[in-house]
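Labels for the chains are A, B, C and D, by order of writing; each one numbers its residues from 1.
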């Protein structure tokens, strides 16, 4: 048994443990032990991966293992990681760990779904079989419905339904795309690496077929990555979700979209990616600016952050579509950075909401004096969001912009410049929010009585801040780790697309 | 030179320590920690400067550019994002300026911020700012400069918003950050263009750096590659970067944040918004100057005319302001514009007395240096005044010379310096700027001379308004204004520097003795360049300055000010426009709130909620309605089912037959 | 020849009474017509020489089932609502569907070439009851013991079931 | 008389074969179906069902008698069918009586709760 399977096994054990656990104390113990184990495993994996890479392990995927699961369709339980998945696993480990502390007072059933969701996420990142990826994707998706629908707030049923339906619709697209790729490559293997390298019975997918299936897979994953105009589930979903679920959702689940776009759509359909990227580039660049601008006038903190997520996640897909190694590295960094900072943001918004019973920017005031810890955390999250150097957002955005600029034609240039404007707009909405809710003097006597964070909340917030600052201050190793794994994918695209296609009317 | 890294590390550690542990420290301890650290880095900077300038010059007569540290922080494809330390004459000079002023401000803040809530936070932010500013000036590459540039911006934001319970301070901090952010967008795009075409971000334009052992080598800057790709590329990149610089240095029309930034504590205004951060734009242009002058000389008039207009605009607004910090803010804008103009008119890089075209660079840096000192002194003096009378308005002051003698003296010295009176430091530097302008074009020269006259006028208007005129008795009844030693000591030090530099350079400039002067250390090509005043320019500007001061004395010195009132009555609208800063803020307000928010953001948000989301809700509604309609088939009536069943069977049979 | 005449008479009775049974307004009459149809069917069995079957038909159906109907009708006799009239359109649709179906079936039957087997007069060999009894209770290859038992269990279950369903709560 | 004899010979000389039974049962079947579709009283519907069942029984018997005279399958099936229809009737009538108790009528139109 490959040790990567522990990422799925530990959540399973946690589920079992939760089932047995009787009281709140037992549940907490199981969750803390389990999520710490996952985090420790992720860290250990990262260290091992780095040392193995520097030790000369050059295979595209390390620690691979494969067990045939369903012979007729060539589905197998295949695991393996490269730098990107290692980074994502690390992110998921951190978010699940902190999410546990944020949802300290929740009940057993909540944690059951929460753990199942984590299992889906971890499973997705360790899989290299398209079908397994799809399956874990669905496993991660379904608990979301219950978590929002049962433990959410506001229009929770509506939001949960909307989120689930839109994502399910996307997975219908995705499934078509996956089977299109499977049969297009000869119907012999579901293994991503095999299909990409034309080994294991896979052959090159016809160009015309690629062009059919690329939109399916890209939109399928793009919806989860909040691609404009399929992003509307995100504001409602985030606004209604309980705190830790927002964290997990924005922090990790949305990353499944970007990861999937990169790992399946770009990697397996390189020619189509070259051919059709312009359509999606326009959409994502629009989404980047659009999300930022609509965040400017939101009055609900969670909506604001959700729109800012639309903008930042749009940046991820935008960077992926730029099809350069640097930009794609930036995209992965942005996923990490966005995952951490949005998680922090949602965590703190949730804590404020829990205390003040409102998320309306107009009703909150002068929190800095009342809840200094939360306010400082909030300000740090905000500053990371607007790309302050020393925090993670800056690193990711700069990598993306430099990478996007490697495309020398006017079309890409214009879109890049469009995307850069979002950092100004980000400053506008973040500072507006900080100025309104943290600064000033509190007017509401109800709010004057609220207390600052508990120890477990402080712990979660500090963990996230440390990660954000860690990436922001020492991004080199992470960037190295990622770019080595991104390079083969992009090289694949570059070799087949010797020149960017003539069909683009803008070039 | 290995210890230079400490110059960056110490304030950073101090920031972290004070920021994290400040809650448990007393005001005194945290202040002492901050100040001690700053004293240490000030000493280190002076050591660095001493070592650097006393070292031997290179073969070509310039000081070597040292890179004691450089390491790749973030690899970006073919490019590298390095962090390191680069020492050349201007960065060493900036180290001195920043650490000196910052040190003075640290000491001063002991008195000024005494008992304020958030004292520890204040010192933490000061440390952060100092670190970022130092990192900016010692940047080895343009991207490092951008990184610290942003950090400087955010520390400025935090410090302006220090009194975060006051709405005005919050609005001002927001405005400062957003306006400079907007300008930085230009900077960023410029960097991206520059980096893409030259293949490097480094400042290594001519490849004559002395790298220390163990540092990562730069990717050489391929200027020729950029030239080959198109002649307009470098100028475009430089102009875009200049937009960033203009934003930080408050050039028109991006100046609007600076007057509002005066909502921050006064020592902060002295440090950030007078002496150091706002000159970052000038420093950036100076840093890229070799490129400007070689590859983008045709585009340099942009710098000149932006500078000239800003100088004039700010000076005219300063004449009508009543808030003393606002006056100083506009005077800062005007003076920085002087530095910009000086850089713009520098058309040659070769020095030597016959090449007057190269004075500008040196003059600009010199003015940066002198201005930092006397403007910090002015601001700190204003701080003393505000501390004493608890108001920013000139109306509340008057006749303070009796109560604040030291402040009065230092303020006067600084006013004389900024007005360009001989034997004060401002004279030498401003005179060089005007000489450079004259050499470029007499028109610019005369305009700048006129603006210098306006400077003298509004500074003395301020001076008389504060220290002379009618005493505001009812304000003084509760407590007599007084000054504290800890606050006046920095003033004295700064004015000593002002006077000392002034006397030395004036004497040297008139050729009264042969010594090193500022130009020996810093000049466009690094050669030893002795300053010699052009007698005509020097006398003209001195006379004009004295006349302005006399005019200001005539108008504003008395207890009553009939002339001023008459002037005001003669052109009330002009005064009102100038007082309202020619409504620039309102224009911005209109654009952002009325146009961008109301006509872009709100419609987009509406569009999102109603059109895009509406589409998906419509899909859901459509599905719902459809199923509602077809659920009629499931009527529960057995006979209906049977009929449908029968028809189905018949059709099937028909198909089989 | 006599068989033909008898068949035609029986067919006329069956169809005529059948039509009456489904069209008459009064439910009691419908039950009576049904009884005639059942008798007609029994007649057909006799015509074919399946005398035992015919008697079973008469006993079980005409004797048992129809009596059950009549009891049920009497028990549910007072309907508190008027018998809702069926809309003409529905009737028409049902008629058309039935006629089409019948046409289709008749077409299939007439066009199909069946083996030339005409109905011969029944003889002693035509399915003696003893043979039937043996076959029903044998467990050999063509034995029907299992279905027989199952049917008996079914009947038992029905008895129990109908008791339970119909009992008063 | 001769002409009448001829006609009788022509008409009655036709022997009954399998298709006669099939046609009869088909007609009976569709009469039953028509009744099933148009009657509103559940008992009347049940009567129609009996018609259809009888039509099927006739087929069983006729197939056995005319096509496979050596076997007893059709015969026995008819027996079973009668037994089952008796059982069905018993249950159905029990159900109807129950319905009647609850609704005070027996109209099929009222029984549409089993939907959606």
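Throughout what follows, a residue touches a chain if its C-beta (ideal position, glycine included) is under 8 Å from a C-beta of that chain, and two chains touch if they have at least 3 such contacts.
Worth saying up front: this structure is predicted, and the values here are computed from it rather than measured.
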item	value
Co-neighbours of subunit C and subunit B - touch as defined	D
Of C-D and A-B, pair with higher C-beta contact tally	C-D
Rounded Å distance, subunit A centre to subunit B centre (Cα mean)	37
Centroid spacing, where centroids are CA-atom means, of subunit C and subunit D in whole angstrom	4
Computed distance of Cα centres, subunit C from subunit A, in Å	70
For subunit A paired with subunit D, centre-to-centre distance based on mean C-alpha positions, whole Å	67
Residues of subunit B engaged with two or more neighbouring chains	643, 646
Of all residues in subunit C, the ones touching two or more other chains	93-94, 97, 101
In subunit A, residues with contacts to at least two other chains	none
Full enumeration of touching chain pairs	A-B, B-C, B-D, C-D
Interface residues, subunit B side, partner subunit A - complex	72-77, 79, 81, 143, 147-148, 150-151, 154, 157, 161, 164-165, 167, 170-171, 173-174, 177-178, 181-182, 185, 188-189, 192-193, 195-196, 596-597, 600-602, 604-605, 608, 612-613, 615-617, 620
Of subunit B, residues touching subunit D in the complex	631, 634-639, 642-643, 646
Of subunit B, residues touching subunit C in the complex	643, 646-647, 649-650, 653-654, 657
Contact footprint of subunit C on subunit D as seen in their complex	12-24, 26-35, 37-41, 43-44, 46-48, 50-51, 54, 57-58, 61-62, 65-67, 69, 71-72, 75-76, 78-80, 82-91, 93-98, 100-101, 104-107, 109
Subunit D contact footprint on subunit C (complex, rising order)	1, 3-5, 7, 11, 14-15, 18-19, 21-23, 27, 30-31, 34, 37-38, 41, 44-45, 48-50, 53, 56-57, 60-61, 64-65, 68-69, 72-73, 75-76, 79-81, 83-84, 86, 90-91, 93-95, 97-99, 101-102, 105-106, 109-110, 112, 114-119, 126-127, 131-132, 135-136, 142, 144, 147, 151, 154-155, 157-159, 161-163, 165-166, 168
